[in-house]
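Shared chain: chain A. Partners: chain B in the first complex, chain C in the second.
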Partner chain A sequence: MRRSYLFIPGDVPRMLQNLDVFDADAVIIDFEDGVHPDQKEAARQLTRAFLKHHATRDVAVFVRVNAWEEAAWFQEDLACLSGSPLSGIVLPKAHPKHLTDVVFALEEAGLPMQIVALLETPEVFFHALELAKHPAVSGLLLGGEDLTQALGVPRTSAGDEILFARSTLVYAAKAFNKEAIDTPFTTVDDRDGLLADAHKANALGFTGKAAIHPNHIHDIHVAFAPSVEAIETAERILRRSETLKSMRFSLDGKMVDKPVVERARALLLRAAASRRR
Partner chain B sequence: MKKVTVGTLESSDCQITLSPATHRHVVIDSVVQAVFGEAIEAVIHRVLDQAGLDSVRVDVIDKGALDYAIEARLKTAIKYYEEAADEKELSIHTG
Partner chain C sequence: MPVFYKTLDACLDALPLQSGMACSFHHHLRNGDGVLNQVCAALEARGMRDLHLYPSSIFPVHAPLADMIRRGTVSHLTTSYINGPVAEALGEGALKGTLRMQTHGGRARAFKEGDNQVDIAFIAAPAVDRDGHASGTLGPTACGSLGYALSDVAHARIKVLVTDHLVDTLDTPQIDGAAIDAVVVCESLGDPRGILSGTTAPTRDPIGVKIARQAIEVMDAAGMIYEGFSYQSGAGGISLRATQLLEQSMVTRGVQASFFSGGITGMHARMLAAGRVQKLYDVQCFDLEAVKSLASHPDHHAISADAYANPANPERIIKNLGTVILGATEVDLAFNVNVTTDSYNTIIGGSGGHADTAEDAALTLIVTPLLKARIPIVREQVTTMTTAGAHIDVIVTERGIAVNPRRKDLMSKLQAAGCDLVDLPSLLARAHALSGPPKTWESKGRKIGIVEGRRGEIIDTLFGKVAIP
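Right, the complex of A and B next:
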């Protein structure tokens, strides 16, 4: 599971050639909303040439192509990326009714069958399970800006307006063991706001969070790493379980049973994975 | 045929202008001209050769772009340049 997905515009060389120095677990090279229509071809050519000549270290590379409905752009995106060493694509305006065609197009272009589905319309949240169930879908990503625009409400730092979408996405992704990726925090210089938002995403069950600025990566990793206290408690739970040869006991006045032991084990695995990165 | 310009003057990028000429003519203005001028010119000629483009003037203002960026910017410029040529031919045929 990747904790951070950093968006990088596909038409800016100085960002492309530094994509593996920002410490993000994954980057998303953007061909869609972050690129002006006049610059789409430049983004395609720059990205293709960059991926052809430069090996990227320790970072998964995705491209947010244009939406399936933007047929000409979508086809040109895939044609230009054909054979490129990508981890996968991010599919905007994802909907289950397009997935068969998208998978066919990916096959034709010789691209990996790894789709991060971007959910950004109110309707698609009622199809989230269908998206998560599809074998080519590796994760679900919440698109908060387009969603709130469609809902006709402002984005707030508290995020109440996207709570239903967040929870729906997490439940669907977890039902099929897929990545659940939270929407980016869009205020660049509000560090407290970012930390609060990322902690909330972690608490809701997201496995990672997207970012629109490299400065956000560190704080996202902090928020998604288990705390020292949580690690210590998990270690004590596992030690006691091992000592008692039981998954049912009391610790600090709280009942511990099998789900709690398994959660402790999962938390320690996540902590170990965070330390390795 | 129209003049076509692509790219930016930001760091690590370059701006490339293609315009009609009777033969291939490459002009490079680079912040790293002394060290990389020949390498930049080699990239330009390789891409022009691949495109089979000879009657063209190429003006490059380089701000420290790597080879991949120069190649990509030039390929984009050639695409737009050839599209502009096609549009002109179409207007001649239909005019």
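Right, the complex of A and C next:
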């Protein structure tokens, strides 16, 4: 599970050249909304050349292609990326009704069958399970800005307006053991706001969070890393479970049962993975 | 008691001027300094030739000096930093005599030991009282600490204060009027906007932010953030971001630093006011906030270059310095650092306190992007040696952290903390993979000067600018 997905515009050479120094677990090279229509071809050529000539260190590379409905751009994106060493694509305006065609197009282009579905319309949240169930979909990503625009409501720092979408997405992704990726925090220089937003996403069950600025990556990782106290508690639960050879016991006056033990084990695995990165 | 003159010309009429004499200036007015230009123009008008100037630094505002060098008015130059048109003239080989680049501490030592012999020190003084005492914290061109001028005051044969702000009495003067021979009152010492050009904002550039964060992680892993630690950094964007992150770390740990030293910014002053640090030892102020703090906070101390960094002064402040964060224009495989020239021999700076603090601090970190303007910073050999690799402990880049192999103790601590360690040849290879190897030139060009170490030893030669094919 990746904690961070960093959006990088495909038409900015300096950002591309440094995409593996920002410490994100994954980057999303953007061909869609972050690139002006006049620059889309430049972004394609630049990205293709970059991926061909530069090995990237310790980072999964995705491309947010243009939406399936933008047929010409979508086809040109995939044709240009054909054979590139990508981890997968991010599919904007994702909808289950397009998935078969998208998978076929990926196959034709010789691209890996790994799709991060970007959910950004109100309707698609009622099809989230279908998206998550599809074997080519590796994760669901919430597009909070487009969604609230479609809902006709302002984005707020509290995020009540996207709570249903967040929870729906998490439930669908978790039902099929897929990644649940939260929408980016869009204020660049509000560290407290970012940390609060990322902590909330972690608490809701997201496995990671997207970012629109490299300076957000560190704090996202901080928010998604298990706390020292949580690690210590998890270690004590597992030690006690092993000592008693039981998954049902009392610790600090609280009952521990099988889900709690398994959650402790998962938390320690996540902590170990964080340290390795 | 000094003699007061209403004009510079009246003062010059009374001084024993002669061609070939040595005159010194300080750089606390930075790129707003008008004093060096005024004095040199007046000396040239009086037919002086072959002057030896000892300005502590030279900035773009000193452009008229370039033509004075070409005309032979100025034939020798001894300084610690050069940037702008004067550097261009030097690169052309226009200086007929010697060019010596000294460190800030080395300049103070050279004055004290008689290596720098100055006939007349012209000292820009933002405020002067009726007894000839001077301060840098008052007046329309207040610049704060006058730390680099104090060697000149102590050792030049004739000391002239130049001021645009006369007051009755100064309560806490930085220069004692008893040491002064003359005071010139002029209309203006310079442009206050240029005086305050020393500092930038903490970088928001993601690469700079990453480097700054790693620098603090290295300090942490090395065990250098503790109750009573000491710290120095520059006023560049990465350094300021590092200082900002350091403050967050200090708050989290609940530790207070004993002192920050060197060039002081508003950020340092705010940390003093907030009780994060006990004392500031200020050899130069980089902005108005620092000037105000120096004027008002009892634990913000102006210090001389001698007290700051003279290697022959056993009581120098930086002898007790814990960590210093410094920049680089080039770094080579032996950890040598260049901040004096670019890769085409053009002078773009100088040591300032770089070599002084690097040698004395317990932990010396170089923070730099691996590439600047697509040019690799790590090279097989630096174009010009400013600071010897023996005094550099760690180089922090966005693509890895290199630890000097002689610091095996650090290596193991940083490894244990999970820092992204890499050796310098690998960093060089990474840079070349991104940009290609830089072009090299057979001819070094004409010799134009020397770089001195802190103790006056010659550590490198400066050459004329390379013509790019």
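Quick note on the criterion: the second predicted complex is superposed on the first by the 277 of 277 C-alpha atoms of A that agree within 3 Å, B and C clash if a C-alpha of one lies under 4 Å from a C-alpha of the other, contacts with A are read in each partner's own complex, and residues count from 1 in each chain.
In this section, contacts are C-beta pairs under 8 Å (C-beta built on N, C-alpha and C of every residue); 3 or more make two chains touch, one makes a residue touch a chain.
Nothing here was measured: the structure is a model prediction, and the numbers come from that model.
Contacts of A:H213 after superposition: chain C is touched, whereas chain B is not reached. After overlaying the two complexes on the shared chain, residue contacts for A:V21 are found with chain C alone; chain B is out of touch.
By the touch criterion stated above, A:R48 is placed in contact with chain B alone, chain C being left untouched. Residue contacts after overlaying the shared chain place A:D189 against chain C, while chain B stays out of touching range. Put simply, chain A uses residues 17, 54 to touch chain B in one complex and chain C in the other.
On chain B, the positions that touch chain A within their shared complex are 6-7, 10-13, 65-69, 71-73, 75-76, 79-80.
Across the interface of their complex, chain C is touched by residues 17-18, 21-23, 54, 188-189, 213-215, 218, 275 of chain A. For chain A in complex with chain B, the touching residues are 12-14, 17, 41-42, 45-46, 48-50, 52-54.
Contact residues of chain C toward chain A in the complex are 204, 206-207, 209-210, 213, 398-399, 418, 433-434.
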